[in-house]
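Presented sequentially are two complexes of chain A, the first with chain B as partner and the second with chain C.
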Partner chain A sequence: MDRLLPLIQNETLKIWKKKRFYVVVLVLLVLIPIFTYAQMKIAENNQKNFRDWRSQTMQQISDYQNALSSERIPEEWKRFRRIAVQQLQYYLDHDVNPRSPDGVTFTRGFMANSVTLFYPLLVLAIASDLVSGERSSGTIKMLLTRPVRRWKILFSKLVALTLYVSLIVVASGILCYLISGAIFGYGGWTMPIFTGFLINGSDVDSAAVHAVPQWLYMLMQAGLIWFSSMTVAILALMVSVLVRSTAASIVTMMAAVIAGTILANMSSSWTSAKYVFAVNIDLTGYLAGSPPPIEGMTLLFSLLTLGGWAVAALIVSFGVFTKQDILN
Partner chain B sequence: MRNIPSSNLWRTVSIAAVLSTLLMLTGFGYAVKDMLWPQGETFIGESPTTPPPENKSLSASSEIRITAFGDSLTKGTGDATGEGYVKQVMALLTEKWDKPVSLTNNLAVNGMHAGRLSELLRGDKGYEYAISQSNLILFTIGGNDLFQLATGKSASEATGEVDLDKLKEQLPSGLQRFKAVIERIHEINPNAQVVYMGLYNPFYDIDELREGSLAIQQWNQEAYAIMHPYSNMTLVPTFDLFENTIGTYLSSDHFHPNHDGYAQIAARIVQSLD
Partner chain C sequence: MNISSASKKDPELGLPEYVQQTAETVLYVQGLKKKIRGKPIIHDVSFDVRAGEIFGFLGPNGSGKTTTIRMLVDLIKPTAGEIKICGHDVNRDPEQALRHIGCIVENPEVYTYMTGWENLEHFARMLRDIGIDRINEVVNIVRLEQRIHDKVKTYSLGMRQRLGIAQALLGRPKLLILDEPTNGLDPKGIKELREFIRMLANEGMSLFISSHLLSEIQLMCDRVAIISNGRVLAVGTVDELVEQAGSYVVWQFDKPEEGRKLLAGEPDLRLIAPDEHRIDEGLLANLTEASITTMPAERIPALVEKAVRAGIGVLSVQRIAPTLEELFLKMTEGEGIG
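Right after this comes the complex of A and B.
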């Protein structure tokens, strides 16, 4: 442990002083009010048109059913709708509101929708130049000439990165709750949420469904977001070791993440796409019981795939970083 | 940042970050445990507490709450403006009585038939709730029972393949299912005004199929007989609108009414209400 803690402290403070975390917070401070406003407009409209959540849920079910009866709609899309109908019906049958308008519910939705693109982007803001930044500024030579083993340096960067990923997820949740709560109210912590829907083709098996209070659901969801963000962070660390310039490193990672999201939306026929890490990023979908992007994917599968990518990336990062010649 | 010494900053950041990491790990661990070894458990929320509407005639009630359900006719298919008869009834009622008129739900689904509807009314809490919360119920059903089952295709696509003998064969079983629907509506809400829109023959202008009108009229007559015991239920006839004026009131799919056709139906429904 000698020298490791000071190294971690050094890396953590470097990231802080580079004001990367400020950027993340600033982006959140701009975006969250925009989404809150949009959500407020939707809520106002619903309040005008529906007596209560039951009528609203009923109407949603019947709208989906009408879409299902149309022959123009692609089968794949119908499958999603069929599943949604069965889940909404489950909520209705058990007298539970699927989405009450409050700060906690908004935060839950915001975080779940952000997992595929927004969180990776925020993570990249910090992870992308961890190594490549030192190279372009030349400070890497100072770092590597100190009498410290190279793996310890990379390891301290990894620990600092992990700390910031946790901070990003927690800070986004807190900011979102504080901002949206000002509009929707700060309640909703104990509202029951159903989880445990099992998807078989286009049928929903509700044998394992159980209700959890929303605060626990949020905690579980944040944990899953943290796991997928960590995978993105570790991959970004690898790219930043391999690529000389920070811009190239951000572009490479962003391209991979975006390609994965597009694949997830269209690759139902190309099943081996499920081994791509970015297709597995949306872990929160398993919690909510939404159908996976490719049939046959499960939480365990996605965790193993993401874990596999992360371990491979770590091996490559440490292998290259400890052997690499630092020129120029 | 300069005024905060680095060691203080480090302490704050590291404590916050380590706590966050522990929190995330807990959440992650709990999520994995909860999802890989889920334990099913039934949870029932609170039953609805909103009071049902007052038990008075519509003209005496302080507000009118409508629930509509049934097939594509209630959905408003064929109306280019998307209003259908339900929205037009709402507008006419507001004009007639000058009191708040609201639509609790329009639950109509294209292709709905009486058998399915009767299932939904029995098994679906949402239907039960919507109907019990309303004092005016509008519905259409039966078209798909006769045409769809007679041709094996959805009603609007069946033109030209309608087999009149099969159509007649469908009558008794269709009416039985219709009876089940009516009985269930009465069970859920015996006080609301219920208006059922009678069937018409969309193929009146095709010579070989004009005879279908006789089967349709038989349906309407039997349906009237089924509804007759309940004084709060009304059957509004529509068949005459789609005979000589079929070109004016039918939409281009030659099955559903167009906007003007729905307007005529809406006017009739409103005339029948008090």
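Right after this comes the complex of A and C.
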């Protein structure tokens, strides 16, 4: 291990010196204020139209129910709406505001909405050129002719990548809290959040529902985001081993992630799509109790599927990297 | 530099054969073959590099020089054959084998977004027990003290070359491999590099230098292997090789026409027409209206005297080595020294 530490230090330093993490922070610093502003506008609007959050929630429920009785709305959407209605009712019954305007709630919402596209994008900014970048710049010839076995080099890259993925999840949460808190206030840590909704078809089974303080919910959510981000990171590492150009590597991974998002929305009729990794990356949905993209998917199923993809990608990455001829 | 300790081992200790090999042979290559996508690129390459010598690896572009070098440093796995560095097999035990070499494959590619110093720290971390002292030492050896803390992207090619060499020297290697090191350097840079290589060799290091220019190998190397189409045609000392190729004698007279007539009358001298010689054009640039001949070198003084007596002033007489192509022509005609 003492031989690996300097290598990990090398890889961590290189990512830092390439200023990739600055880019990630910069993107966050631009985007979060924009969303905060949008949220502020919505809150102002609601204040004008509704007395308090209860009347707003009741209005939303009756809107959904109206939509349910309409003939023109596809069955697929109705299922989502029915579930949403039951959940909103649960919040109403327990006198908890699901959309309390505070910094923590905003951060929770922002992170949950970012898991399918925004986090993968940030992760790709760091992971995509880990190996392909060394190949296109030619530095791989220096790196691989040193007396260090190739698996150790790839392993140290993997560790450095894990560090940065963790840093992205933590930094996005902190930045979001700090920026949105300036507008909405820094409270909301102990507010109860309901989790454990079980979905059977279009019914919500609330037997297992329990309230957790929002800080704990945030922690669980961050853990799930980390897991799906790591899966994307490991797949991106594999692509960057296989593909020589960094641009091709980013495009390949982005296409996979976006295709997954689209597939998740087309869902139901093609059920074996649930084995595609990108259909499974919305792990936070299980926590919030939103219906899964394809019926029958559970948190455990998604964790196992993502884990399977990650393990396979690692096997391919190490297998290819330790054997391939460096010809360019 | 503690380079020669291994090479001074007593070969009479009754050690197994491969240990004795390390006593004199730094690099041992036997029966190397490589197929890429089913196509044979390297057919048969064998040679060895001894401690303290400058070994040239001569071949035209596309002859398999770089592919061979990549196999030496474990970037490419050979299809067949054996490579041993100081007795350690490169493919079976790369960590031990690569410890003894430093190399630059093709261009000196280092991390341009870091400073020279950060690059050296990076590569020092990949070795055992290489600290700040050694980094300072190699920076001094390549004389990069002034700019070492600047970003590499601001470096000239010559400076990158020196940084690459500094990197290669970090681990106190027994063998330094340089692939076409003079490519892209200006004449001053080439001269400095040559002196630098001599200096390293004098300290006991072995050097392996590839080139497509015979003149360059002639200036730098003790022994040479010649490679063409993935095959080693000959291995020998540079002097043997040049003798084999023969050299041109180029005359320059103050009265070119009369001088030419004088030469034409000589029995064992052959005048070469201006478009039939095989000399690098660059070498002839300053020799306007020169007469190019092939002749025994020992006849030159007598011939100079004869010219002077005939009232023709001799401005210059020089022996010029032919290009690599000439050498190859000779060798493939079946007169190889191997």
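We adopt the following convention: the second predicted complex is superposed on the first by the 327 of 328 C-alpha atoms of A that agree within 3 Å, B and C clash if a C-alpha of one lies under 4 Å from a C-alpha of the other, contacts with A are read in each partner's own complex, and residues count from 1 in each chain.
In this section, a contact is a pair of C-beta atoms (placed from the backbone, for glycine too) under 8 Å apart; a residue touches a chain by one contact, two chains touch by 3 or more.
A quick note: this is a predicted structure, and the numbers were derived from the prediction, not measured.
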What does the overlay on chain A give for chain B and chain C, a clash or a fit?
fit
Rounded in steps of 10, the angle in degrees at the Cα centre of chain A between chain B and chain C is 160
So, does A:T139 touch the first partner chain B, the second partner chain C, both, or neither?
second
Which touches a greater number of chain A residues, chain B or chain C?
B
In the overlaid three-chain picture, which partner chain does A:V316 touch, first (chain B) or second (chain C), both, or neither?
neither
Once the structures are superposed on A, label A:V251 by its partner contacts, choosing first (chain B), second (chain C), both or neither.
neither
Would you sort A:K17 into first (chain B), second (chain C), both or neither based on which partner it touches?
both
Between chain B and chain C, whom does A:L300 touch in the aligned arrangement: first, second, both, or neither?
first
Is A:V148 touching the first partner chain B, the second partner chain C, both, or neither of them?
second
Tell me the contact category for A:L117 with respect to chain B and chain C: first, second, both or neither.
neither
Quick check on the superposed pair: does A:L7 touch chain B, chain C, both, or neither? Answer first, second, both or neither.
second
Least Cα gap, in Å, left between chain B and chain C after the two complexes are fitted on chain A:
8
Taking the stated contact definition, name every residue in chain A that is touched by chain B in one complex and by chain C in the other, in rising order.
9, 13, 17
Chain A contact footprint on chain C (complex, rising order)
36, 70, 73-77, 94-99, 101, 103, 105-107, 109-114, 118, 122-123, 125-127, 164, 167, 171
Write out the stretch or stretches of chain B touching chain A in their complex.
1, 6, 9-10, 13-14, 16-18, 20-21, 23-32, 34-36, 38-48, 50, 65, 75, 102, 104-111, 124-127, 129-130, 133, 154
Listed in rising order, the residues of chain A that touch chain C in the complex are 6-7, 9-10, 13-14, 17-19, 137-139, 141-149, 323, 325-327
Would you mind writing out the residues of chain A in touch with chain B in their complex?
9, 12-13, 16-17, 51-52, 54-55, 57-59, 61-62, 65-66, 69-70, 89, 92-97, 162-164, 166-167, 169-170, 192, 194-196, 206-212, 216, 219-224, 226-227, 286-287, 299-300, 303
